[in-house]
Amino acid sequence: MSDKHLIRETIARRAEQEIESGFYVNLGIGMPTLVANYLQKDKQVVLQSENGLLGIGPFPTEDELDPDLINAGKETVTAIQGAAFFDSAESFGMIRGGHIDIAILGGMEVSKNGDLANWMIPGKMIKGMGGAMDLIHGAKRIIVIMEHLSKNGKHKIVNKCALPLTGKGVVDRIITERAVLDVTDNGLKLVEILDGSTISEIQAATEPNLIIEETLLNQ
Amino acid sequence: MSDKHLIRETIARRAEQEIESGFYVNLGIGMPTLVANYLQKDKQVVLQSENGLLGIGPFPTEDELDPDLINAGKETVTAIQGAAFFDSAESFGMIRGGHIDIAILGGMEVSKNGDLANWMIPGKMIKGMGGAMDLIHGAKRIIVIMEHLSKNGKHKIVNKCALPLTGKGVVDRIITERAVLDVTDNGLKLVEILDGSTISEIQAATEPNLIIEETLLNQ
Amino acid sequence: MKQIHSSFQDAVKNIQDGSTLMVGGFGLVGIPENLLLALVETGVKDLTIISNNCGVDDWGLGLLLKNKQIKKMVGSYVGENKEFERQVLAGEIEIELIPQGTLAERIRAGGAGIPAFYTPAGVGTSIAESKEIKEFDGKEYLLETALTADYSLIRAIKGDKMGNLVYNKTARNFNPMIAAAGKITIAEVEELVEIGQIESDQIHTPGVYVQNIIVGHQEKRIERKTIKQI
Amino acid sequence: MKQIHSSFQDAVKNIQDGSTLMVGGFGLVGIPENLLLALVETGVKDLTIISNNCGVDDWGLGLLLKNKQIKKMVGSYVGENKEFERQVLAGEIEIELIPQGTLAERIRAGGAGIPAFYTPAGVGTSIAESKEIKEFDGKEYLLETALTADYSLIRAIKGDKMGNLVYNKTARNFNPMIAAAGKITIAEVEELVEIGQIESDQIHTPGVYVQNIIVGHQEKRIERKTIKQI
């Protein structure tokens, strides 16, 4: 599975399964935004955008284009029927107050205890954390989606993050193109294999020792 | 000046002079509400009601009566052209944030350093402080209007309040039917005599030693 | 998308003895009249009620009070209610009085994930007893904590089937913050409209805060009818 | 009732070197375009700017940046701007990055007279360094203080002569809180209407927060035009 596009699609399709009908969902900038493309039609899902919109719709046609209507990634969007606009304080009240069922975010590193690093690389220009630090403490469930290994083949799922943290102990589940891993009180638990790898291959690509879901051992 | 009605009118008319054109004003429940009746027509004044209205209008006619439109005293009112409705958190943000130019409140006792007691009498049923404790810390200028002496002829302007405080060092000016007194760093200052009393008569009706405005000494 | 009830009894039936309830309204304006009437019928008791006022003797929260369903009342002004006074003096009810702005802000904080904040209201008074005091720019402030509830009962003039709400005039008051601060929020609306019929820029409470909706005709009793003297 | 300007130069002429300015907007959406253009013309310098972003290289706050009028930038994301990066690396500008929700809440607190509040954002990260940490219900939170400004520059789609404002869609963003947090707030509105023409229940920013108004035609540049793939 070397094709970048296929990897992103695999991850996005699996992440979509985390979303239940009736959920209010915040999708982070980048790969998480793709998840919306795979949302099953029978699910009633409302997408929140932290710049002040509950009910993101599809990208606009040229006719629908409205410069005053963007998502948190600053892309022009539309709003669904029944959407609500509000200010940034209300938006983050909604996020911090636990009213968003799930946030799906990208990651650079995740540690075995659920620490997340996804906002800066020392030595590179700091761009800012935007709303990520608020989201990870606010949404009821935090899913990080990312490639299992870095471009250079290094571990991104680690014992301890080397990069500056976005938050400590905040991640509930990691979804990569290879596997689904849960952060548990006892450590990282491998709960699903997505690409047909063996358990030992996934363990090799993951720095922390993995607890293995029993059903996987019996396969 | 024994007539209750005349006393209240004297106080309300003098309090009206504290209000400049362009001011946003909060009038407390009871006597302060009367001040609105004496507002000079050429002044542009917006009255705030802490239950969520900026722009209180006159009492309604029977035709205008709307049960969903009341002031903080729970009286039915109208709203002026250009009035705004908002929630209680916004309303008290507006108050605490220093956006109201002046609040005119009633008082039971005021001390020489500007402490105010106006919300409970020990031994009597506690009704609650409502918005008074927020108002006295929020509005830019706090005027207390009250009769100079209690029904029993006791001091209400005192060295130290005997009643439980609403707030410490919050009052800027006291207006009674007899006098206008300012709370200064050096103590209470008599700045105006309203009913033709002598300075010594006012001093006798006031527990703290008064500083006397120079212009009054020369009269 | 939201649970839309047709019976008020049904809408409040999960509320258990000992629950903490927030109830919208200022005086009798903006109170969820029919939800309160249904609560009286259920007879659920030992309630902690968080609401600015406690109704009057024969309407609103006063009905729950008369029926001895309230264990503790948290509000800013309860002076309109003789039965309240009787129960306090008889030691039948607990009471916690909070400055109105602090009450509004503590409820907002509860809905907005702010565990605590500083405010000047109450400094130097009995309200400050046992509270942490801190100076900012040479002025003292009290630390106040967030309030939340098991159930929030609110009233709006209009709602849509996604739970978006609009309030009328001063009937807005505490309702928007209370909507956000309840684990389960039940909205009594005067009119229920189809999704899309409330303009997105004019929604006061986004539907995310509302779990249950029911349509109710409002009596809107007036506490102090004041008419222009002509 | 409010000062209504006809010249943008006039509207910003009192802003002095070294002032702290809050500027509404998220990305290029909801920014006071013409007020910013006028500020570039005045050449006022050593400004501290509080705004979620810092424009792009040739529009919005980016124009002030290019003209070296900004001494310090306080925001949550500045990644759209190459000149910003250059000035940071050259030590020509100070930068303070704040989580977006904390930024919004600190500005709200500034306008609402709350000197400080606790929030979970940033706990366990470099943001927490030198900040007071306190536990509530077994979870850690950071103490964050209010932000205010000498001048607030905002944009609304509609305003009336009492200063009441209405915003359009996601162009609302930080504008309402910034309106309240400035000592002097200057509102650039797309349309100015007579008093009474904005419905009282639909006002987003009550006029009490606004001191100056000016009508301006907006270019509304789009940062990332994304169109449906059909």
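A, B, C and D are the chain letters, set down in written order, and residue numbers restart from 1 in every chain.
In this section, a contact is a pair of C-beta atoms (placed from the backbone, for glycine too) under 8 Å apart; a residue touches a chain by one contact, two chains touch by 3 or more.
Source: prediction; values computed, not measured.
Here the chain-to-chain distance from chain A to chain B, counted in touching steps, is 2. Chains that touch both chain B and chain D: C. Chain centres were defined as the mean of their Cα atoms; on that basis the chain farthest from chain D turns out to be B.
Taking each chain's centre as the average of its CA atoms, chain C and chain D sit 33 Å apart. Inter-chain spacing, taken between the CA centroids of chain A and chain D, is 29 Å.
Annotation: 36 Å between the Cα-based centres of chain A and chain C. Among all residues of chain B, those that touch two or more other chains are 79, 85-86, 89, 92-93, 95-96, 137-138. Counting partners per residue, chain C has 105, 108, 112-114, 119-120, 167-169, 172, 200-201 as the residues that reach two or more other chains.
Here, these are the chain pairs in contact: A-C, A-D, B-C, B-D, C-D.
Those residues of chain C that touch chain A in the shared complex are 1, 108, 110-114, 160-162, 164, 180, 195-196, 198, 200-201, 203, 206-209. Contacts from chain A toward chain C in the complex involve residues 22, 24, 44, 46, 48, 54-55, 79, 81-86, 89-90, 92-100, 137-138.
Chain contact summary for the complex, chain D toward chain C: residues 105, 109, 112-120, 134, 136-137, 139, 141, 145, 166-169, 172, 200-202. Residues of chain C that touch chain B in their complex: 26-30, 52, 75-80, 85, 88-89, 95, 97, 99-105, 107-108, 119-127, 157, 167-177, 204, 220-230. Put simply, chain B touches chain C in their complex at residues 49-53, 58-62, 65-70, 73-77, 79, 85-89, 91-93, 95-96, 115, 125-134, 137-138, 164-169.
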